[in-house]
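Following are the structures in question.
After this come two complexes, each holding chain A, first together with chain B and then together with chain C.
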Partner chain A sequence: MFCEKAIELIRELQRMSDGQLPAFNEDGLRQVLQEMEALYEQNQSDVNEAKSEGRAELIPSIKLRHCCLLRNQRCVTAYLYDRLLRIRALRWEYGSVLPPNIRFHMCAEELQWFGQYKKSLASFMRSLGGEEGLDITQDMKPPKSLYIEVRCLKDHGEFEIDDGTVILLKKNSQHFLPRWKCEQLIRQGVLEHVVS
Partner chain B sequence: MFISDIRKEFYEVVANQRVALLVSSDIDALCACKILQALFHCDQVQYTLVPVTGWQDLGTAFLEHKEQFRYFVLINCGANVDLLEMLQPDDDSIFFICDTHRPVDVVNVYNDTQIKLLIKQDDDLGVPSYDDIFRDEEDEGDDSGNESDGGSEPSGKRRRFDEGAVERRIERQRERREWEARRREILFDYEQYEYHGTSAAMMFFELAWVLTKDTKDMLWWAIIGLTDQWVHDKITHMKYVTDIATMQRHVSRHNHRNEDEENSLSIDCMRISFEYDLRLTLYQHWTLYESICNSCYTSCSFKLWTLNGQKKLQEFLADMGLPLKQVRQKFNSMDMTIKENLRDVIEESSNKYGMKDIRIQTFGVHFGFKNRFLASDMVHATAALLESTEKDESDSDNFIKALDSLSRSNLDRLHSGIELAKKKLIAIQQTVASCICTNLILSQGPFLYCYLMEGTPDVKLFSKPMALTLLCKYLLKAFVHSTRNKRCKLLPLIMAAPKDVEKGTVIVVGIPPESETSDKKNFFGRAFEKASESTSSRTLHDNFDTSIIELKTEDRSKFLDALITLLS
Partner chain C sequence: MEENFLSLDDILLSHERLPIRTEITFPRLGFLEKSSDTQDIAEGTKMELPLWLSKALYERKRRVLSVELPKVYREGWRTVFNADPNVVDLHKMGPYYYSLGSQMLHFDSPENPDIAQTLLQTFIGRFRRTMDSSQNAYNEDTSALVERLDCLEKGLFRSGQSGLNGFQSWEKGQATQLTASSLVLNYRKRKITDIQS
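Right after this comes the complex of A and B.
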């Protein structure tokens, strides 16, 4: 049946509804585009035939194919747009350097888009807050305290904080550190916030 | 040196600095650590917390952190050895030691610059005075100076001076030898017995109180720290009662604030109350029957490893009018009518059976509708978590789990701890019963000795120091109740259990003899050291308690022989 492959693409995204980015389904996309091309060719020939030979009974099938084409187009654009939204969210969650396993899931154009998004976000942040700019990707929720208690989940070696002091992050040691330095490491899974 | 004003000399010094906390693995240290962490959170003092299990761990942790930190706080470790010699720190490192281990090493006491002891100076210490132990070396210099002056004099006078100088020198040397002999004796007496002082958690609670930053959570942790010392038999009964009275003053002070009739507290708020409760371990989270069977006090008084003992227990329950069906049910599901006067009924009946102190002064906490815990419940649960022998769990993983279980927001961890504690208690009672019934305890002359073979059920649990010490104490009590030999009742007990099967080592624990008025002073630390030296056995004195060591299995017999000769 027509448009089934397009629906497959949409379902793929729906399965990962928590914002994860699945691998870029280049095959699926190509198949949908091929189907669209085939439909378009058939439509073209039928339209020519209908016009030249006046065969009005071809018109419903032309209409059907046209609707399928439009549907395929909607599905494909929805797929691509949803992926872009997820990639945008990744910048806010992971910071400007993405882990390699996520980059693997993006196609070349998406990577390019991501780079441009990063640039425009960075120039926006620089324009705020006077000379230094303001990093708005930190403290997404209003913080309750300046310092938080964190526990080290794996050996991470030495870690330097703002005033130059170095802390050794060894497994199962607990530290009381400024919040903004820890957020990165918490997202990476090296530290765990301890709520008591 | 001893700190007199804990606020000025400790807290205000570290308040603007970064501190490294090195915390030993026992419940008192965990509670003290929680209190200190809460204070540091209040004042935003940056710290790093590192758990340590023994001297080697302490050394490695210090080496790793000495570049980054200047101030170190050691909790329940470090007072009983010469710390500066062991760690070789730089001159600007400062150590704050809050340790219950006594005797405090004399070098730690008299060092004025780098070691600060967070211990009260009158806390049962008996430190020898400075002049008895340390002596200035200036006298030697004067002596040789006189001699060289005497050399420039004309010959007649020189001979007279020489004789005088020689006599003085001989006199001085004799004096010095006498002084050194006295010094050795004083130090020997001072360091011979090992015992414990005031709980570290209570010290830090006092700090919190002085800063008026104490909360009910901190008070509860201080109570748990004190109860840990009592459960693991580290302090005398008198000291426990005195410390309970101190805590009771704090509890009434906290409760007094909430006595207002108009705005009574919500049920979810934490309430601490003084309880004169039964000595049955974990009875509110277990069935009454199981608790009676597995608590040391009742099990030893009834001698539950004998058939007679079982019968007496049944009589006891019948005497109180408690139906077996009720008693074998979970405590929370027992009939309300039975639960109401349970304590008084049990006390009356136990007096008839010779158990005069079935009730003990303690504290309980109450928050929410379901959550009631006694201090001893928490101690057992946290101790079981701290020494859990699950595979793939390192000591520091267990430390973190146990530390978490002390917070009120981690109740599921606490409940899992209670389940582990129940298993541990059952294992202890079964081991005690089998040891007594198979006469595994041998009298070696100056002490009793028991060795747990490798195939004994649950022997893995006893490869940990606290669990083995608890087993040791229960076993000694049971032995004292069951033996007819009057002399054996006064002997101390040494127990050995396999620790690491691959490395082929056993863990050896020695405890002092069991008596009503025991002062809990343990001489096995020095004895083990001397025995190990004299037989050159391969031992590891890694634990902060010197009476717990690790020994190679092959050296066991010669080590024991050396101990026997040493102590007889």
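Right after this comes the complex of A and C.
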């Protein structure tokens, strides 16, 4: 049956339902496009035959192949779109710099899209809140205090805070730091928010 | 009820195969039909086609193909569902029982009103139990509760659980605790199992 490769792409995404991004299946995509080309060419030749020799009985098969083309198109579009939704979520979950293992799973066009999305988001944030702009990716949970207690989960090296002091983030060290500086590192799993 | 074009679930459910009978010939497509070796699909051939293709080819006015109802939607099973909807394992009966059932109404079967009625009553009959269990299973293994639910019910169960967990964490004062992103946690879990294996 046609469109089996296309449904495999969809199943690949469905298997990772928690928002993770699997590697870009360039091979699979190419196979679907090849099938579409073959279907299209067969239909072209059948249509010409039907028109020139009046063979109307070919029409049901032409329609069937056309339905397969539409189905492949739907699967490919849904595959690409769902991946973009996951990539967009990465900007909010992870920050503007993606770790190399995730970048590795994205194709060139997706990386480009991510860059443009970052830019749009940044210029939108700059336009809010008067002169300095407003970072809406911060304070995802209602803040209770300006400074928070954090514990370091892995070695992250030196970390500079606004007044110029440099903190060394060594595994298991605990610090009392401004909330807005830590939020991203907590989301990335480098620091842990300690609530007493 | 229309499918959502971009929904992965809808695409997967429309992949389900249905028993059909062709009412016209499909020339040059004989290779799609595994049981015979002909060049064309003859009129009157019984074969299986996926829902998406059956829907696209089906025409109300002309006879192109006729679709048989899958077992679960026929009278025999409908009687079982009407008697006690809670006994049935809807995951085994094809994980997309409700959605596929709604799509089957597309084929103008004379049994459509009964099918629609059974779908509705089954959902109503099972909903209470799904909702109750999702609101009361806290911090425990829910696989026994979920294994007999169809996909729609599983989604509802998940929403119920996430609401329950959100409320409990708020009660404990954890609502303001900053956490690592779920992507990071999942990646770390997978790395550990990779190292262990």
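Things worth noting here:
In this text, the second predicted complex is superposed on the first by the 195 of 196 C-alpha atoms of A that agree within 3 Å, B and C clash if a C-alpha of one lies under 4 Å from a C-alpha of the other, contacts with A are read in each partner's own complex, and residues count from 1 in each chain.
Everything that follows uses one rule, which is that a residue touches a chain if its C-beta (ideal position, glycine included) is under 8 Å from a C-beta of that chain, and two chains touch if they have at least 3 such contacts.
All values reported here derive from a predicted model rather than from experimental measurement.
By the touch criterion stated above, A:Tyr81 is placed in contact with chain C alone, chain B being left untouched.
Contact with chain C, but none with chain B, is seen for A:Leu64 once the two complexes are overlaid on the shared chain. Legend: residue contacts after superposition of the two complexes on their common chain; A:Met125 is shown touching neither chain B nor chain C. Contact with chain B, but none with chain C, is seen for A:Gln174 once the two complexes are overlaid on the shared chain. With both structures placed on the common chain, the touch criterion links A:Tyr147 to chain B but leaves chain C unconnected. Within the superposed three-chain arrangement, the count of touched residues of chain A is higher for C, of the candidates chain B and chain C. In the superposition on chain A, no contact is made by A:Val47 with either chain B or chain C. In the overlay built on the shared chain, the residue A:Val195 is in contact with chain B and with chain C.
In the superposed model, A:Thr165 makes contact with chain B only, not with chain C.
Put simply, chain A uses residues 195 to touch chain B in one complex and chain C in the other. Contacts from chain A toward chain C in the complex involve residues 1-3, 7, 10-11, 13-14, 18-20, 46, 57-58, 60-61, 63-64, 67-68, 70-71, 74-75, 77-78, 81-82, 90, 93-94, 101, 140-144, 148, 182-183, 186-189, 192-193, 195. Considering their complex, residues 5-9, 11-12, 15, 24-29, 32, 49-50, 52-53, 56-57, 64, 173-188 of chain C touch chain A.
Per the touch definition, chain B reaches chain A in the complex via residues 18, 37, 40-41, 44-51, 64-65, 67-68, 394, 396-397, 399-400, 407, 409. Residues of chain A touching chain B in their complex: 145-147, 149, 151, 165-168, 170-178, 195-196.
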